[in-house]
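First chain A sits with chain B, and in the next complex the same chain sits with chain C.
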Partner chain A sequence: MHTQEKHKIDFSFREKLNGIAEGYRHNFCYQCGACVADCPAGMYSDHFNPRLILLKALLGFEDELIRPDSEIWDCTNCYTCAERCPQDVRPVDVIIALKNLCVRTGNAPELILKTSDPVLTSGITTKITSVVDRRRQEMGLAPVGTYPVDELKKITEGD
Partner chain B sequence: MMDVGRHPKVELMTFSEVESITGFVGNFNVRVRQKARYVDASECTICAECAEVCPVAIPDAYQQGFSSRKAIYLPFPQAVPSAYVLDMENCLGNNPIACGKCAEVCEKKCIDYDDQDKFVDLEVGVIIAATGMDVYDPTAYDEYGYTRYENVITSMEFERLICAGGPTDGHFIRPSDRKAPQSIGFIQCVGSRSRDGRGNPYCSNICCMNTVKDTLLLCDHYPGIATKVFYMDIRAFGKGFEDLYMRSREEGVRYIRGIPGTVVENPENGNLVLTVENTTTGQLEEHELEMLVLSQGVIPRRDGDQIKHLLTLSTTSDGFIMESHPKLKPVDAPTKGVFIAGCMESPKDVKDSVTQAGAAAARASILLNAGKTRIEAITSQINSELCNFCGICAKVCPYNAILAPDRKAKKAPIIIQAACAGCGACAAECPQDAIGMRHFTNDQIMAQVDAILAVEPQKHLVTFACNWCSYAGGDNAGTARLQYPTSCRLIRTMCSGRVDEKFIMRAFRMGAPMVLVSGCHFADCHYISAVRWTQKRMDRIWSKLDRLGIRDDRLRLEWISAAEGQKFAKVMRELEDKVKSVTKEEIEFTMKVLAEEEAKAQEKKAKRQLEVTVL
Partner chain C sequence: MKYIPFFGCMMTTKYPWFEASVRKTVARVGMELVDVDGFTCCPDPIYFQARNKMDWYTVAARNLTLAEDLGHDIITTCSGCTATLSEVNLALKEDNDLKDQVNSRLKKIGREFKGSINVWHAVKVLRDDFGMDRIEATVKRPLEGLKVAVHYGCHLLKPSRVMRVDDPDHPTILENMLRAIGATPIHHEKTLLCCGRACMSEDIPNQMVADILDNIKSHQADCMGLICPTCFDEFDVGQIILGRKLKRSFDVPVIYYFQLLGLAQGMDMKEVGLHMHKVKVDHLLDMVAV
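Showing the complex of A and B:
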């Protein structure tokens, strides 16, 4: 493990993950490392390792995973690990479950919230400026309309 | 195999297929198709002159396609019988004008293009099935590039390349440039221990030790060759296995715990580059190897269905043949007089196969030496006067113990007592009630139903439990001292397949609030597939109850195994609440409806009989 300080092992975190959609497969992981070898994020980052994320989740290192600067945010959701995994753990799905847990507990990085918040206020992730509108007009595309934001809000509240 | 071929008491029939098997223990009739080999095996002296002149060349399957053979060939050097065989699909000789060269040069004149398949009928007492297994095809693991790169081979191909009798006479070379490789890698668990749909969920048992052996062969023949093994777990569990594994490590073979990702070929030299996380250090490593061996897993025989049908065998979820009992009867098939051995039962190595074959032979000789066999007295018998020759009994019998009736000749079905195992599915399905089970007759079971419901019927749960699983599950709950309500009353049958629609209707007619039918789980059925008929029958009864206006959840079906005492107690607690929820009015209504049904049925029957007498 990269971390030097002693950790308390907490198996109850597994059950917590079980309750989140797509997060239930982690129990099958036998740490073969097939997810790491082809991981593009792992190739460019020293500390990103899907196998270790799974191991930490299984051992319940919640404080390392559920935090704004956690390595899980380096995952690009490319699903290569899901294709390689012989146990059908689909590490990326577990990572997405962990991300959702981060957001739910207020541990999401600011940058992510900056990207996701506009969805609630406008229905899209990118702000449409006058430049974009002009460009679209030049290319003969219809202007981007408004989205039913109140409906979106209702859907997210229902969760 | 040579020894077997020479043994005076063993008749070896090679190049043959079993066409049909009828009969029962001690009296099997087996029809064997001896395929035409177009060469008289007793005359052939393997002088090889025929193969020399043969103009056809096709890939040699025995050498994994690394070399070619002729259309007339010796399958492999130690083949028994030691004679050539002609592959008619590729031969040009079926038109003698086109070729016919081999027949010209054969001095003994033992080649006959007009040879035909022969049928041989055998009478045998017992049958041992040992049809083996196939190897997993690693094509699905596209990231390893087996179909793209020449230097990626399977462990079977490795075996041919390093064998003295192989295509290279034992000189170990790599396919792309025919040079001896200086570095070689093995990837373990290709097609094994995987749940992603590409491979098999089980461990293939033999591949770890096969790779350990391969690395030692390489160290022996080519000292200095860099050998790396990529694995997730090395399973060296048998006698002497750990020693061999340790020797391999001492010889300098590198064992790296981690499964590699995509394999890329270096187009300049044909070397293979792979990335792997060494999970013991957590570091990504890149390895360039001159050759890569995929340690492929094993699978059940691809053409195994035929033998399964012939011998009424069933398979476990992994596709291998199921034994009669995993601990107490590991080499017996469910059908009496049939035994199984070797890799058709599960993946295993030579030693385990020999052990199992010895056990099967010993079990078989017990039957053969005694000359007679004891059977349980619980078998079915038919009253041919009641039979209307519908043939349903022969269809439901999981053991093929019932010879189908002949409607035209008015011949009732015949039940072979030696083959009958006593599940009672036939008796339950017979629409004429013409079949009775010894010790589990209709009258006996009806009397039990009546006795249970004689006093305070509204408080009792009528439970049918099969002898092997659910009844034993009840025992288990008892010995484990699990608490469950006292409302349940058990009626034991040999199999849940014995539970007739009549019994259930009788229980409801007598005022039972709930009826439970319980049996073994589908895969554990002690009568091959009799439990499937239970399911079908219950579906039928549920819809009938619906039609009559009776709540169908008053009839429950549960699968409880002998080890599931906990589940037994849980089901009993659950059903206790159900029993209490059934109202008095509901029971009275049910009794009334069923009494009317019964009266109607009797009226119909009387009318029919009257018609018969009038006629």
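Showing the complex of A and C:
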């Protein structure tokens, strides 16, 4: 939060975050910073800091967090912060809730939908090419089966 | 004992030789695998979870119910699948409201999550349900002299509340499993660092991968040993792409644990797919006298 701009504090953002799965956990954060030291995304960059992400969430700096180029997208999902946090905030789960909010409001990087769409349209993330079954056969494995895409459509919202 | 294997997208389509290695090696240890039809992507804990967490819970729960029908625990062979299936399984067991929400969706396809099975990474099951002695008993050619730099990856261990495998800061499981096949585990400064795969920026994972590989080299390890196809992807083909970018070469062979186990059990290079790796491993095989 080394920007010079002034931000308006907006506590109504807390309500928005509470409405997303696991988002309510941000309310437990008392800004101790225990999640910071061993965070690899923080270690290998000069902009990533899970405590500051939590602070921005608490203060409602929505315009900084909910955007396709927000720092939240640099989280590695390693769960080290969840090991360290004494308040059971699980910062990574709050970051995931923020990401869900980005997707819901059309503020996610293109890559997120592009990479996850195939799960709903084909049942898996990777591509099944002609090479796949040949390689499987060479290794003595059965061919790839069919994926019940129709079932996935029925049980998901899709975005 | 019977287990249901969940190999996941990456292994099924891109690295089938890992799947073959798991199937052949665990059979020798005495683990019986029961295959299930109809599994989909776990779904992936990065992109799919970021997209919509309720969908993520639900698709994972559907996979879990297929295993519940047969009544055996799931073994996973990828850290990503472990992250999703173990986490969702526990979350739904612990939170009745969440379970009801997910079950009201599953009802549309005639399924119900009951919470009657467990999900564990295959190495945990090998350690706890079979034990090092049983692994050692299958070894025909101990990998003596082979120095393997251990790479844990994140989700075998974390979140520890869910995974319940080992101390996330001082783990020993992979070191012990390497010793059981005669190899020498090398613990280095970045043994526990993540591969960075999930980061949107390229710079962060590039630095992480380079740092890990440089540490491995400075400890004179012969190769890197790991338990996840996504980490493998990041370090095998990934190190070549990164090398091109940085105009340098790393030359650190990367080997999946079950390939090492296969070698120790007397299988040859092709049986475990070592000839398919981007970073060549041939010179190591002379060492272990294949």
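In this section, the second predicted complex is superposed on the first by the 157 of 159 C-alpha atoms of A that agree within 3 Å, B and C clash if a C-alpha of one lies under 4 Å from a C-alpha of the other, contacts with A are read in each partner's own complex, and residues count from 1 in each chain.
The rule is simple: a residue touches a chain if its C-beta (ideal position, glycine included) is under 8 Å from a C-beta of that chain, and two chains touch if they have at least 3 such contacts.
Only a predicted model underlies this, so the values are computations on that prediction, with no experimental measurement involved.
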Partner chain in contact with A:112 - chain B first, chain C second, else both or neither: second
Chain A: partner with more touched residues, chain B or chain C: C
First, second, both or neither for A:49, with chain B first and chain C second: first
Partner chain in contact with A:157 - chain B first, chain C second, else both or neither: second
Chain B versus chain C as contact partner of A:147, first or second or both or neither: second
First, second, both or neither for A:128, with chain B first and chain C second: second
Residue numbers on chain C that touch chain A, as the complex places them: 9-10, 12-14, 16-17, 19-20, 23, 37-38, 40-41, 43-55, 57-59, 62, 83, 98, 105-106, 108-109, 154-155, 158-161, 168-169, 193-194, 196-201, 203-205, 207-208, 211, 273
List of chain B residues in touch with chain A within their complex: 143, 189, 193-199, 232-233, 257-262, 274-279, 282, 284
Interfacial residue positions of chain A with respect to chain C in the complex: 20-22, 40-41, 44-45, 48, 73-80, 82-83, 90, 96-97, 99-100, 103-104, 108-109, 111-113, 115-116, 119, 123-128, 132, 135-136, 139-141, 144-145, 147-148, 151-152, 154-159
Interfacial residue positions of chain A with respect to chain B in the complex: 1-2, 28, 30-34, 36-39, 42-43, 49, 51-52, 84-88
